[in-house]
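Labels for the chains are A, B, C and D, by order of writing; each one numbers its residues from 1.
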Amino acid sequence: MSLPSDIEDLRLRTRDFIRTVVIPAEPAPGERLKEADRTRLQDAAKAAGVYAPHAPREYGGQGVPLRYWSPIFQEAGYSLIGPTVLNCQAPDEGNMHMLELIGTEAQKEQYLRPLVSGAARSCFGMTEPHPGAGSDPAALRSSAAKVDGGWVITGHKRFTSGANNATFCIAMVRTPALEATPTSAAAQAGATMLLVDMDAPGVRIGEQISTMDRAIGGGHPHLHFEDVFVPDTAVLGAPGEGFRYAQVRLGPARLTHCMRWLGLARRAMDIALDRANTREMFGAALHELGIAQDMLALNVMDLETSDAIITKTAGLLESDARAGSALSSVAKAHTSEAVYRVIDRSLQLCGGDGVSDRLPLASYLNEVRAFRIYDGSNETHKWAIARRASSARRREVASAR
Amino acid sequence: MSLPSDIEDLRLRTRDFIRTVVIPAEPAPGERLKEADRTRLQDAAKAAGVYAPHAPREYGGQGVPLRYWSPIFQEAGYSLIGPTVLNCQAPDEGNMHMLELIGTEAQKEQYLRPLVSGAARSCFGMTEPHPGAGSDPAALRSSAAKVDGGWVITGHKRFTSGANNATFCIAMVRTPALEATPTSAAAQAGATMLLVDMDAPGVRIGEQISTMDRAIGGGHPHLHFEDVFVPDTAVLGAPGEGFRYAQVRLGPARLTHCMRWLGLARRAMDIALDRANTREMFGAALHELGIAQDMLALNVMDLETSDAIITKTAGLLESDARAGSALSSVAKAHTSEAVYRVIDRSLQLCGGDGVSDRLPLASYLNEVRAFRIYDGSNETHKWAIARRASSARRREVASAR
Amino acid sequence: MSLPSDIEDLRLRTRDFIRTVVIPAEPAPGERLKEADRTRLQDAAKAAGVYAPHAPREYGGQGVPLRYWSPIFQEAGYSLIGPTVLNCQAPDEGNMHMLELIGTEAQKEQYLRPLVSGAARSCFGMTEPHPGAGSDPAALRSSAAKVDGGWVITGHKRFTSGANNATFCIAMVRTPALEATPTSAAAQAGATMLLVDMDAPGVRIGEQISTMDRAIGGGHPHLHFEDVFVPDTAVLGAPGEGFRYAQVRLGPARLTHCMRWLGLARRAMDIALDRANTREMFGAALHELGIAQDMLALNVMDLETSDAIITKTAGLLESDARAGSALSSVAKAHTSEAVYRVIDRSLQLCGGDGVSDRLPLASYLNEVRAFRIYDGSNETHKWAIARRASSARRREVASAR
Amino acid sequence: MSLPSDIEDLRLRTRDFIRTVVIPAEPAPGERLKEADRTRLQDAAKAAGVYAPHAPREYGGQGVPLRYWSPIFQEAGYSLIGPTVLNCQAPDEGNMHMLELIGTEAQKEQYLRPLVSGAARSCFGMTEPHPGAGSDPAALRSSAAKVDGGWVITGHKRFTSGANNATFCIAMVRTPALEATPTSAAAQAGATMLLVDMDAPGVRIGEQISTMDRAIGGGHPHLHFEDVFVPDTAVLGAPGEGFRYAQVRLGPARLTHCMRWLGLARRAMDIALDRANTREMFGAALHELGIAQDMLALNVMDLETSDAIITKTAGLLESDARAGSALSSVAKAHTSEAVYRVIDRSLQLCGGDGVSDRLPLASYLNEVRAFRIYDGSNETHKWAIARRASSARRREVASAR
């Protein structure tokens, strides 16, 4: 698929910006980006016209449609801090996408505009401590009770990525069935998404969870809702529709992770290629040694198949969201393993330097290891993939009779 | 990518034709299709308007552009005999494609028209016995000497798939530099493709090579050229340009193998799914047992990533033949391993029946095993992939200085 | 572990016998050994003092203890017909082992002596058609009713390897509880092993199952017992103890398969090494090309780890049969995958010749493919391995409290 | 192989000591053991009679022969700090082994005795910066010149594990040919091992290399020798014999790494089993879910095959050091990959907790990742394995002619 010329132009400018502006500003392996640097680099990205590629133009982004996000996000992900600088990092990017699709105009002004500009940050309150909503979202335990003019939330979230820096949270909570009133429609019992300001009374950040990965700013802490009141206007979409909306967010969010990490895998591959192109072993150039060639070739195969399945999924998410969401499980399970393999092989090709902080590969490996578990562990996705395949075939056989 | 409606329509009709007409006519595992059945089924395919999907309409095909071959060829490959019935099997399909792109009008009338109709069959004389042209085409040893009004060919080919049934051969031979004459242009020394009638004096089929695979009619025999005269009009394209033309053929031909075998892998998957949906083990439905689910999910992942990389490569072959040809190495190396894994897992899921001839899976496994070696062994492709990646990165680094 | 000198001497003589006598007599790939050749070669093995290494000396074997079978059986397995020539092929070898351990003196004279000499052959009637005893032996459906002076068997077996040539069958059947009588002990309801002459009235060989593998003579047919009477002396061991005895047979029998196939994998490796040592590609000796080196090294790793786990398991089977039987699941699951990989890589290294019948590798691949399913599919073994690991850890944790 | 009763007794006491004394004293994930704790725990190990299992009794160890080290070292390795507490951690353990085998009595008193007691620590100066001795020891660049009464060393080492805390270093340096003198024998040009006190003038610790792994105390810094004088008595073994002696050290040292890491992999497996035994997912116990079972079974297979190949190699190192050293490449390449896979799967089974510091699995993964590169990268070992296999087969074929 060749890209439309404006997209290709944005891709090339993004590529250039990452390589000439962002990479020189990268913190040392294991260090986090400083706030002042984040602001400065985001301003530079705005000036370069490469900021927030996925966000609507009217809210400050580049307005790229989903089917073309992948080449741009891969360029951003080529630097670990690239997605933060371009403000297309999780969880903000997924929240922007959902606000754009579901939010009211007022919600967009209040939450989407500052989120795109970088003035606000956000988190997504979904995962709960065992045995709540983890791999199995149906086990949701946090809940909101209907009160006059709003809702009161009680609950406990976990792995709430980005919560430490967030100004608001989109919280998934269990809600009861509602009867229709003069001013509101009836709602079924189910899950509801609520926009919660982080400084609202009763919102409390709990235990910090220290993890292998560092790229997502603000860590993955526990988050407690202790009788938190939000007004009726805080409902994102409609009451009881939370699981359906979550799919709107989860499919693309899962895929944008793939895009960004694939960019990082390309970086690792380039580091390995540079090494192979400049080193010798046993009297031969490393890139001419067959075992190294085999590893490089497997890297290319992993990169290209990941790129291809992401492209296919992105297109499908636009044309058939349900099928696209199903295929995003395949894309996630494949790409998360593939990028891990690419970085692992690249590190191996760099020998002792690969495991040291002279190269960033060990830190990359720790970043992407977690992705095989985040956003639904690969085992959970494989379980879903198998179930869908089995039932699709059963339906096909039944209909052929 | 959603398909244009006419292509989707052809795909659905092909699917229906394969399932209702072709599969019921399949020979037992290990048996070859009888000639009479071949003719009868090809006639039915013509009547159903699904015959020769890749061939130009004016020569009797469906005129599908290369970027859409994959979904159609996958439907054809769902039956081992499907590609033969639709006349899109190797090596004829690749020869049709090359004749269409390079042949003169006279050559098309003489060779392409009967090849599309099924009246003629062909082979491609490229591979030679060690140490000739095998994985390394540059080692070509067969040659043609220029004589008055034509060429005299001497050589020995091997693994000449389809030769036993062929009416003509496209032979790659080494040719000398030619000076310009009043009626012909100068030519560099190199390889040339010559159209050789199989009943020409001096053409001799040699030792038969019995192999694991059976689907390509006419086996893979040795082929000898003993002072075979062909006229000047037998040159396909131009003298000395054979390697360049070979790329025209090899990239797409490699990819159509992937398409057809991917269809067969889908068949194997369906056989396994049917089994999983109807059997129990340890008191649970097999499709609910996790190890089986894991195998089914890996199958889906292999099928989908193969489909995606094929789609990407087919599009690229149309827009940038050189880049597409390079990517076809990745598609071939990935897909040939992936389809093998899919069939291997499907067989495993079927247990004792899987290794017996109650199911066709053991014969499928033997068919696709050879594909990891044919059309350039995967190791050779990986070597080429690594070399291209290394040199591309060297160029990029050099240009950034 | 260095071998005792008499065992090492037998190993070396077996090695020499296989290479100088057996390999030159091998039938072409895919062909079976002729009966006359079998007899002639077995006589030669007896004369060379290498016949029936595992069988007791007093019954005509070499009396090697189980912990030293592996090096000898690997030498035998270096030729596909080696185990038949040395009469240590399944299922006879496993039946000899069980008769030796459990049989009465009279049973040994009647069944074991001719079985060792080669005058008799046998089969083991265990597996049944779905949903009977397959991967789950507890589902046994064939049964025997107690009658005066003996038993009457009714049942249907499947995949009864060797049945076509067998003179007797050891049949696993379900039997009722028996009260004690003046001449016999009480028995619990359960499974019982019965020695059944194949020419007894009511024994009928049913449908032949044609499979990928050919090395086990006599195929894997269905076997029907239609009111077959056997006398009380036909009980092998004691009534109701069949499952316990089956473990006596299955652990070692599973392991001897590993030993024999490991020998064949060594043969494949030697074929690949010979090729690598004599061929060039891209101007370099193939054994110096890194991708080939990587494949060769992986082969060595698979061969050595298989050898090591077999040795450990064989020792354990002698010292602690229950633990050894459990570990034999690990040895089987690992070795069956490892030998398949070794042969697959060896074939790949031989390119076009590898898939043709110029080399026996394609036939080897088909032989060992089935072993990943026979003797309990690897998935079933892995299920058992995981269950044992989980419960062992639970017990350990409980006892630590 | 069942262990002799005294070894089994030591193993059980070691197991008990690790679980009841060492594990409760483990620092938090990522933290290093404090010096005071090290001393206290080593004293406890001495009191418990489990200290320095591999070291000679006359120097304060338990005197276990090499062929039985594996079960003991695995128990030690069950805690990341276990090998340090038992003083059988690299590089000291390998240096003790070499001093025992090669050292003079005076050298043993001066260096071995305090090393075993824990009063001294050591490092091994072998690896050099590119293009010196790395994967290819023949590229050694550091050298010593002969002067009156001793040697003067000039050189630069890298990845000198343990150097920060070491009291002495065994340095590999290039030395010239020496003519015989009245008091010393002639020597060939080659490598020589020299015992160098770390406080000798001219010894300078250079740049620290920060790596993924933390378990080996004292890091892996650069080490400079700037005209360092050592006396003639500092020669370990004989001049010019350094490469031969290095093999004495490297084979066992490589294998003890395997033993220790295998113990850690067992720990990871137990953590995963405990989780699987206590958690549910999708309404089923995790250990009953098939994908989890498959991962657990693969873990057992990796653990058992690693244990088996280590046992075989340890036995061979005692009976045939050269063959044992060759096989140690196979053991290293297999075990380093296997333990990595085991920890990786265990982490995956623990989901979000696996990537967080609530469990130590992420830190284990970082520890063992480096082992795939240390002690000769696996690729270098595979290259050596393939070369040995090829040449062994060539010799065999030649001798059969």
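In the analysis below, a residue touches a chain if its C-beta (ideal position, glycine included) is under 8 Å from a C-beta of that chain, and two chains touch if they have at least 3 such contacts.
Please read all numbers here as calculations on a predicted model, not as lab measurements.
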item: Chain pair with the higher count of C-beta pairs in contact (A-B, B-C); value: A-B
item: Chain at maximum distance from chain C, centres defined as averaged CA atoms; value: A
item: Separation of mean Cα positions, chain B and chain A [Å, integer]; value: 40
item: Whole-Å gap separating chain B and chain D, where each centre is the average of the chain's CA atoms; value: 52
item: Set of chain A residues in contact with two or more other chains; value: 290-294, 379, 382-383
item: Complex contact set, residues of chain B against chain C; value: 127, 130-131, 134-136, 158-159, 209-213, 220, 279-282, 291-292, 347-348, 351-352, 354-358, 362, 365-366, 369-370, 372-374, 377-379, 382-383
item: Residues on chain D engaged by chain C in the complex (per definition of touch); value: 1-2, 19, 269-270, 273-274, 276-277, 287, 290, 292-294, 296-301, 304-305, 307-309, 311-312, 315, 319, 327, 330, 333-334, 379, 381-383, 385-387, 389-390, 393-394, 397, 400
item: Residue numbers on chain A that touch chain C, as the complex places them; value: 289-294
